[in-house]
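Presented sequentially are two complexes of chain A, the first with chain B as partner and the second with chain C.
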Partner chain A sequence: MSEYNFAYLDEQTKRMIRRAILKGLAVPGYQVPFASREMPMPYGWGTGGVQVSAATLTPDDTFKVIDQGADDTTNAVSIRKFFENTAGVETTEETEKASLIQTRHRIPEAKLREDQIIVYQVPIPEPLRFLEPRETETRKMHSLEEYGLMHVKLYEDISQHGAISTSYAYPVKVSGRYVMDPSPIPKFDNPKLEMDAIQLFGAGREQRIYAVPPHTKVVSLDFEDYPFEATKADHPCDLCGAEDSYLDEVITDDAGSRMFVCSDTDYCRCRREAGHTGRMTKDVAA
Partner chain B sequence: MTKQSQFSGGFSDASIQAAHAFRAAMTAMARPGEIRSLTGGLPPKPLSIAAGTLLLTLCDPETNVYLAGAADTPAVRQWLTFHTGAPVTGAAEADFALGTWQDLGPLTAYRIGTAEYPDRSATLIVECAELTNAGATLSGPGIRDTACLSLPDIPALHANSSMFPLGCDFFFTCGSEVAALPRSTTIRSEG
Partner chain C sequence: MTPLLQVKDIEKRYGTRIGCSGVSFDLYPGEVMGIVGESGSGKSTLLNCLAGHLEPDAGQVIFDTRADGPVDTVTMSEPERRMLGRTDWAFVHQHARDGLRMSVSAGGNIGERLMAVGDCHYGQIRDRAIDWLGRVEIDGSRVDDRPTAFSGGMQQRLQIARNLVTGPRLVFMDEPTGGLDVSVQARLLDLLRGLVREMGLSAIIVTHDLAVVRLLADRLMVMKDGYVVEAGLTDQVLDDPQHAYTQLLVSSVLQV
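And then the complex of A and B:
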């Protein structure tokens, strides 16, 4: 561990990231450019989130990493190990015990507290990017609060599919001003964006940092006659029976059998430890 | 106590102390009105511990610092230069400005960002005689319902927040305590 500066990055880099985080918090939802560094992992593996975490961690933190809700996937394990090695911080898989959570594409099911921070890994921070490829134009659109194009996109969803079919990275308006990409979380998680914890977003390849302070109003864009709907697979979890958690569909053989399980592995584990059972664990228990 | 010199009063364990100091500053900025302890640096007079620690945590050769009025002493300049390497400039070019509210003068002197890059604005570190949860009523991002904070000049800060998303952001420091007021906060005078 002594070979690295605390949390890997050098102090000047951390100061630059820290200044960007402060401006991000001061202008909620606005994307602050920052001089993203090359990290010892490829783009797309959370280099933005890792840099924000590195600038935010203290030695007293307990660090948790989830990838699509799971603590035990390659991405989560490798980032957790990275900070175990370079920052010497405690790590945990329990949402309750974590003070800083880095996440790829999910918000934990358990309600986050005032003293927690959640860092999102963001691939494309610009919500308007697929509608307008030029950064100069999207900057202008944000400055003029010109978000009509986004509503046209959602309208086209309705005219083609009869409903807003955007199911992840669902655009939100933060504090009544900036339209923001909440990172590719399922829209099921959108209502949780109004939370007690501090939310920081890091996009490494695209070199942007943005933030949502606690208790900030976050509204998912919609229409009066087609209101926003947080959707999930219409099943209970097959392991813990939870009906309120976001589910992954898992194909279990080549005959079309499938199961639905909580995508938040810690939530599912806690429920099973508390004695809850689902379709596939009842037989085992019996 | 050892004699204060330009070489003393920096972080003794830079990466760890800066990490703790930043967490305090970030939490303050994320929760306007909340007063937090901020220590680590021992700057020369007249700077407070919290203001000196903020400079050590956030400033380096890439940031222009404006020292206003009484804060602009040879000792402070030497200390700032030795520990951070930050260039000392005028108010108009400053990324960070430090001084009492009177010394900092009218807010029109500072950068407020541009429509496309509102982050390119100054952060003012305001030295206060006292810092209490009383006075102006704050609401907005980071605040559950309302918060109270002693502010030096409610009309000027209200004018600043009415320019949102442009405007300056503020740290208020007093001894080893800090509170923050981002431009996103709505300010009402009490009552």
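And then the complex of A and C:
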């Protein structure tokens, strides 16, 4: 562990990243460019999130990593190990106990508190990217608040599918000003973006950091006659019976059987420990 | 009556070469101005300067805005100019591909300007898109088709619909009939003439096709090497050309 500087990055780099984070917090939703470093993992594995976490971590922090809601998948395990090795911080799988949470594609079900920070891994920070390929033009559109194009995308959704079919990375307007890509979280999580904790977004390959300060207004874009809807599978969790959590669908055999489980593994475990049961755990409990 | 657009001594240079120089004219509401000249005479440079796509080196382009009356659009702030560009102004490109979003359906293309000015009711946007498709003679059932599935003439008409949906007062057209075959051109001209008269639009049309200006334009400017060599009523200029270059231009039209 002592072979590394605390949390892998050198102090100058962390300082540079912290400045970008502060600027991001001062201008909610604005994408701050930063000199992203090469990290010992490939792009797309969370190099942006890792750098933001490294710059934010202190030795007293308790660190949690989730990947699609789960604590035990490859991405989560390897990033957790990375910081165990390079920072020696305490790690946990419990949302409650964590002070810094790095996440890929989910927001935990448990309500986050003011003393917590959540760091998102972002693949493509520019919400207008697939509508307007020129970076110079999208920057101008952000600076002049020209967001009509974002609605064109939603219009296309409705005209083709009869409803807004964008189900993840659903664009939001932050604090009445910047349109932001909330990273590929399911739109079920969009209402949670208005939270008590600090939210930081890091995109390593694209070299952008942005942020949403606590208690900031975050509105999902929609049409008056097609309002935003946070959707999930219409089913309770088969393990813990939760009806309010985002579910993963798991195919269990080749005869069409399937089960729905909470994507947030920690939430599911806590509920089962508290005695809740679902369709597939009833018999075991009884 | 206040002119809708007053152009005063516009000059644009590319290094030492002249793009266009010393161009002045007034355009009144409901008037259609044609600009003709050979390739490289500075027509498109002039049009782009007027529409705010290029920054002129000298001169003023004063537009009579709805809110504040006559304002110089050259010194205006960029957000204001871009706002004009999607409300009171329209720009029809020679190639429909430059003016359309090819990966977005016809309805989305028409709706973009509406959504850009804050419209967010899907049903209303769609109704207006279908209404406008009808006005440019495209079947309403094609509202969800992409422009890539349209013919060249239809793409051009779609581009016109997309531009006129917000009810602009001034339309810039850069060779609107270029690259279309003659029968399609005739239909497009007919349509344009109808729309211009019906909506009381003012328009500036750049073209090298004298037939287009004869049909559409009230007044005509002839450009050569960056300068305006002759200006006047369309019929007057075409029937009794004074400048040697205009005489050449008129006499080189092929008679069938």
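Throughout what follows, the second predicted complex is superposed on the first by the 286 of 286 C-alpha atoms of A that agree within 3 Å, B and C clash if a C-alpha of one lies under 4 Å from a C-alpha of the other, contacts with A are read in each partner's own complex, and residues count from 1 in each chain.
Keep this in mind: a contact is a pair of C-beta atoms (placed from the backbone, for glycine too) under 8 Å apart; a residue touches a chain by one contact, two chains touch by 3 or more.
Given the structure is predicted, the values throughout are model-derived calculations rather than measurements.
By the touch criterion stated above, A:21 is placed in contact with chain B alone, chain C being left untouched.
In the superposition on chain A, no contact is made by A:93 with either chain B or chain C. The partner of chain A that touches more of its residues, comparing chain B with chain C, is B.
Of the two partner chains placed by the overlay, neither chain B nor chain C lies in contact with A:84. By the touch criterion defined above, A:7 lies against chain B but remains apart from chain C after alignment on the C-alpha atoms of chain A. After overlaying the two complexes on the shared chain, residue contacts for A:225 are found with chain C alone; chain B is out of touch. Annotation: chain A residues 144 touch chain B in one complex and chain C in the other.
Of all residues in chain A, only 5-7, 11-12, 14-16, 18-28, 30, 32-33, 55-60, 139-140, 142-144, 175, 177-178, 196, 198, 211-217 touch chain B in the complex they form.
Every residue of chain B that touches chain A in the complex is listed here, in rising order: 14-16, 18-20, 22-23, 25-27, 29-31, 57-60, 62-63, 95, 115-119, 121, 123, 140-144, 164-165, 169, 182-184. On the side of chain C, the complex with chain A involves touching residues 78-79, 82, 86, 101, 104-105, 107-108, 111-113, 115-118, 120-123, 125-126, 143-144. If you check the complex, the residues on chain A that touch chain C are 144, 146, 148-149, 151-152, 155-156, 158-160, 222-226.
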